[in-house]
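Each structure below appears as C-alpha cells.
One chain, chain A, appears in both complexes that follow, with chain B as partner in the first and chain C in the second.
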Partner chain A sequence: MADEVPRSWRDPDLLIKALPTVLLQTTCFLAPLVMTFLLTFQRSRNFQLQWSWDLWTWTDVFSKPHYWTILGHTIFMAAATVAICLIIAFPIAYGLATRFKAWENEIKVLITFAFITDATLKIYGWALFLDKNGMANYALSSIGLPPEMVAFLYTDWATLLGMVYSLSAFAIFTLYLSISNIDRSLILAAYDAGAGKFRAHWEVTLPLCKPGIWAGSVLIFLLSVGAFLEPKVLGGGKSPMSAELIRQTFETRVNWPLGAALTLVLMVVSVFIVLLFSRLIGLKRAGLAA
Partner chain B sequence: MTKSWYSDLPQYYQRQIKAAGLDEAGLTRRRLLKGMAATAGVAMAGLSSRPSQAASQMTYMCWEGYNDPRIIDPFRKANDVEIAFDLIVDSPGGFAKLQAGASREVDLVSSDMPWITRLGPAGLAQELNPADYADVYATFYDQFKPPFEPLLNEGKTIGVATRWGWVGPCVNTDLTKPEIWKSYDPVFDDANKGKICVMDWGDWPILPMALHAGIDPYQELDQNALEETRKVLRAMFKNTRTLVADLTQAQKGLLDGSLLGCIGAGSYLTSAVRKQGHKNIIAVVPEPKNGLKQGIIWVEATAILKDTDQPELAQKLLKHVVSKESGHVLSLLDSTCNVVTNKAVEALYTPEERDILQADYMWTAWDNSQMHRIAPNIDDMLAIWQEELAAAQ
Partner chain C sequence: MIARLEGRFIDIVLWGSLAAILIFFYIPIFTLIAFSFQEGRFLTLPFEGISLRWYGELFRNTNALNALWNSTLIAIITTVIATAIGTMAAIAAVRYRFRGTDAFRLLAGVPLAFPQLLLGIVLLLWFSVLGRMLDFSTGISTAIIGHIVYITPFAMVIVAVQVYNFDATVEDAARDCGASSFEVYRYVTIPLLWPGIFSAAIFAFLLSWGNFYLTYSLAGSTRTLPTFIFSGIAIGSSPLYPAIATVIFIPGILLVILANRLRRT
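Entry: the complex of A and B
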C-alpha cells in the first residue's frame, strides 16, 4: 500500500502548483460572482442602472410569488429530466458495457454524434416532427390512425422530451463508465451465493453504479435548470423556466439588478439541492456501513 | 512644441507611427480596440488574408438587413472604409450593450425608434442638426420630416427614421375573414382556444392588448389601468397556443393553419411570406375602439453615437442608409419586407413589390394606429406579463 503524503496549505510546493487554478477561479468565477452580487443592491429605472445600494431588488424577489412559481417549475422539470434520463440511460449503458461489445464503438460514435449536433437544429427538428402537420402525424395517419394523434407540441411534455433527448448522453456515458469498471467476479460471487439475476443486479450492480448515477444526475440537473431553448421552442413559451425568466429580465426589461438577483437565487437553490442530495446519499452510505 | 504619446520612442518607431497615420488622432482606446478587433478578424480568417487596407474603420450596430452587401458595399468602396457589424437580435439587448460600454466602439446604430430615442437621455447619441440632413428629408414622406416628435429628446433630434410598418393581427385569409379582425375580440373568443399565437417580443404583444382594454399605454398609467392590463393579458393567455420569439415558427403556423391569428407582430411578420407568394397571409389593423386607435406604427431609426471618432463618415453612412437605392434594398429583404420613410423609393417598386408590402394599405394602417414610442409604464407591464404568464402555467 502506498504511503499517504500529508499535505498542508502551508506546503509551498502545493501552493505554487495550486496558484494557476486559484488565480483562474478567482478572476473568472469568483470576481464575476461578487460583481453579480453587488449588482443586486442597485436599482433599474427607465432602463438605466442606478447605484442606489439598497435592498429594493431583494424585496421584490422575495415578495413576488411568481418568481418562485417559475423556480419551482424549473426544479420539478429538472428533477423529472434526471429521473427519465437515468431510466432510459441505464439499460443502454448496461447493454453497451456488457452485451454489445462487438458494436460498442459504433454505438458510442452514434450517441456522440447525436449529442454534439447543434442543439438548435435538434430542437427545431423535434418541433417539425411533433407538429400537427409534422412527420409523426403523417406517419401515423398513413397507417390508418386518426389525424393529429400526436398533439403534445407546445406542452410541458414536449419540453421534457427535448430536455431528455438533449441531455441523456450525459447519463449514458457516466453510467457506462461505472458499469464498465465493475469487477465481474463480484456479480459471479453473488450468483454463487444463491442470488438470482434481479437480486444480483439490485444488490451488487446498482450500488456499484452509484458514482455514475450521481455524476450523471448532477450534470443533467444543473444543465436542466439552465435550459431555455426547449421550453421556448417545444414548450411554446407558456411555461417559462428560470433561464428564460432571467433572459427576459436582463434583455427585455433591461433590469440588470433583478436579473442578477434571480441568477443568484437559481444558483444557490441548485447548489443547495445538489449538496442536500449528496449529503443524503452520504448518510445512506454511512447507515449501510453501520 | 507639444509632447505626443510616442515622442519618447526611438526615431525609427516614431517614423513608423507617422507612416501608419496613428500620430494624427492619437492612439485612443477606441482606435486600439478597433485595431484589436481587426487583428482578431484576420486571425480568425486563418491568417491567410492580409490586414485591411481601408483608410478607416467603423462599427455599425444594426438589425440584420442593414448590413446587406447591396447597401454597404457601394458605401465601403466610395469612402474607402471597412465596416464591422454588431448585429442586434432585440432592441433592448442592443441598448443594454451600448449602455454597458459598447457605445465607445460603435459609430452608428439602427434600431427600434423608442430605443434610439432613449439614447438621448442616456447621453449616448449625438444630437443631429436637421439642417445638415435637409437633402435627406427632402425626399421623405411628410409624416417623417422634422420635427418628428417621437425622435426628439428635449427638442433635439436624436436620429433619422428609416423603415416602418404596422402592428396588428396577422391572419391567413383562407382560414379567417379579415373583417372579423376589425377588433381584437377573436383573441378572446372561446372558439379560438388554442389557436392564437402571441409573439414573445417584449412589449409588442402587451401594447395592443392594453389598447384593446381601452388603455393608452403611451400615457402614464395608474394602478387601475395596470390592473385592467393584467386582466386582458390573463384572458389572452387562456386562448394562447404558443408564445414564439422566432418569426418562422409563427409564419409556418399561419401557413399550415395550426394558428388562426398572431398577436404582437404585423407587417414585419407577414411580408416575407407574401414575398414567397403566400398572398393569403396579411397584417391588418383593427378599427379604433371608443376613440382609441388600436393599431401601432413601429419605426426603425438610425442615430450617430456621441463617442464616434468618425463623425463625418457616420453622417455619410446614415444618409446612405436612407437613400433611395438603399431604401429599395432595405424594404425588400429576404428575411422581412417593410416600407421605408423615403418616398422616392415608391417609384422603384413594381406592382408585385407593392403587393408584397401591402403598400396600398399602409396609410389606412397609419390612420388607425398609434405611433410607437416610449411607454412610461412598460416595466410595470412587463412585470405583469411575467406574473400572468407564471400564473397561466
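Entry: the complex of A and C
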C-alpha cells in the first residue's frame, strides 16, 4: 500500500484534488440538509410555503400516531430485509472467496449486472412475474396446482421480496471482501487444533468477517428505510412505508415543511438505531475481551 | 472420511445456493425479455404469438426515443464529471494525510448510505427554494447535479481500491529522473490508475443511465428511460415497456463485462 503523504491545505496539489468534492458535497448535500431542517420550522398554507418560524409542524408530527405507525412498519421491514439479505448472501460470498475460483469472474459479472440494472425495470419484472395472470401462476397452474397459490403480489411479503432483491448484492459484496481478507492460516490452525469444518467456520471464519457483516447491515438498513418502488409497485401501496408517505406529503399535499420534518425523523431514527446497535455490539466485544 | 463428507456437503450447499440466487436475480430480467416478444397487446399469459412487433413500435415512439436521448445525455455528462471529481478525491483520501482527513473521507462517502429518494427530495427542496430566488426551475441540469452528488462517491470508492494498491515509489522514480509533476501524472499516475478510473466511469454511466429516484424528483417535466417506464407501469402497460427493458439490458451487460475485464488486467 502507498504511504500516506502529509499535505497542507495550502498545497495546490491537495486543493485541486480535494476541493471539488468538498464544494460539491457541502453545496449540494450538507447545505440542502441544513435547509431541510430550517424548513421544518415553517408552515404550509394553501399549498404555499410560509416563513413563520414556529414549532407548528413539529407539533403536528409528534401528535399524530399515524406517522409513527408507518415509521415503525418501515423500520421493521428494513430490519427483516437486513436479516434475510445476510442469510442468503453468506453462502454466495463464502463460495466466491473460497470455492468458486474457476467461475469467479463469470459469477461476479452476473451478480453485478443484476445489481446495477435499473431498479424500476427489475421491480416491474417482478410485478409481471407475480401478477395474477403472470409467469408464476401460469407455471403453477400448468403443473396442476391451484393458481391462487400466488396471491402474493400486493402484500407485505412481495414488498419484502423486492427489497431483499434490490439490496442483497450489497451484502454479497461486503461479505465477500471481508471473507477474502481472512488469513487462511488461521482456519488451517483451527483444523490442526482438531476442529471440524463446521466448528472452524463457526468459531473462526464467522467472527473474523464481523466487519463485513456490520458494513453490509448498516448499508442495507439505511438504504431500505428509503424503499419506495417496492412498497408502491409490489406492495400495491396498501401498507405504505415512510418513503411513500414522504413522497405523498410533497406531491399530493404539497406540504414542504411536513415532508421535510418526516424526512428528518426517518433519517435521525435510522441513524440512531445504527448507533445503538454499534454500541451494543461494541459493548459485547469489550465484555468478551475482559 | 468425515472431513471429506463434510467437504462434499459444503460444496453442494454452496453451489446450490449460488444457483438459487442467480435464478432469483434473473427472474424479473428474463420475465421482461420474454414479454417483449409477446405479440398481443396485453402482458398476460399464455402468449398470443411471438413477434418483434413491439421493437418496431419502440423505434417509432418519439416519447421513448426522447427519453432514451435524455438518459444518455445525462449519463454522459454525469460520468465525465463524477469520475473526474471521484478520482481526485480517491487520491486525496487514500494517499494524503491532512487536517481533517477523516472528516473529508466521511463527507466524500456519506451520500452512498443516504436513501436516494430522500436525497432526491432534499435536493428538490434546495433547488426549489434556490430556484425561486434565482429564477430557474428543475430540469435536465438539476437532474445532472443530483446524479453527480450521488455517483461521485461510487466512483471514488472504485478508484480508491486501485489507489490503495498503487506503488508510490514509481512516481518518486519518475520525479528523480526529472519529470515535472504534470508529467508524473500524465505518464505515470494516470496510466497506472487507468483500469480503476475506467471501470469507475462504466459504473458511473450505468448508475446514472438507470437512475430512477433522483431523476424522478429532480428532472422536472423531462422524462428519462426509467421515469418513462415508471409512468408506463402506472397507466397500465403494453409489451412496449418490456421491449425497452430488453434494449437497455444489452449495453448494460456488455459494459459490466468490459469493466470486469479491465479490473483483472
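To be clear about the criterion, the second predicted complex is superposed on the first by the 264 of 290 C-alpha atoms of A that agree within 3 Å, B and C clash if a C-alpha of one lies under 4 Å from a C-alpha of the other, contacts with A are read in each partner's own complex, and residues count from 1 in each chain.
FYI, contacts are C-beta pairs under 8 Å (C-beta built on N, C-alpha and C of every residue); 3 or more make two chains touch, one makes a residue touch a chain.
Given the structure is predicted, the values throughout are model-derived calculations rather than measurements.
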Look at A:G259 in the shared chain and tell me whether it touches chain B only, chain C only, both, or neither; answer first, second, both or neither.
second
On the A-aligned overlay, A:M267 touches which partner chain: chain B = first, chain C = second, or both, or neither?
second
Per the contact definition in the header, classify A:T21: touching chain B only (first), chain C only (second), both, or neither.
second
Contacts of A:K210 with chain B and chain C, given as first, second, both or neither:
neither
Classify the contacts of A:F100 with the two partner chains as first (chain B alone), second (chain C alone), both, or neither.
second
First (chain B), second (chain C), both or neither touched by A:N133
both
Chain C versus chain B, contacts on chain A by residue
C
Which superposed partner A:F250 touches (first chain B, second chain C, both, neither)
both
Should A:V233 be classified as contacting the first partner (chain B), the second (chain C), both, or neither?
both
Residues on chain A in contact with chain B in one complex and with chain C in the other?
127, 131, 133, 233, 250, 256
For chain A, which residues are in contact with chain B within the complex?
44, 46-49, 64, 66-67, 69-70, 73, 127, 131-133, 154, 232-233, 236-240, 245, 248-256
Mind listing the chain B positions that touch chain A in their complex?
90, 92-93, 95-96, 99, 118, 121-122, 200, 202-203, 237, 240-246, 249, 252, 256, 258, 379, 382-383, 386-387, 389-393
Which residues, counting only chain A, touch chain C once they are in their complex?
1-9, 13-14, 16-18, 20-22, 24-26, 28-33, 35-36, 39, 88, 91-92, 94-95, 99-100, 105, 107-114, 116-129, 131, 133-135, 138, 165, 168, 196-198, 218-219, 222-223, 225-229, 233, 243, 246-247, 250, 256, 259-260, 263, 266-267
Per the touch rule, the chain C residues reaching chain A in their complex are 2-3, 6-7, 10-11, 13-15, 17-18, 21-22, 24-29, 31-32, 34-35, 43-46, 84-86, 88-89, 91-92, 94-99, 104, 107-108, 110-119, 121-126, 128-129, 145-146, 148-149, 152, 156, 163-168, 181, 203, 206-207, 209-213, 225-227, 229-230, 233, 237, 241-242, 245, 248-249, 252-253, 256-257, 259-260, 264
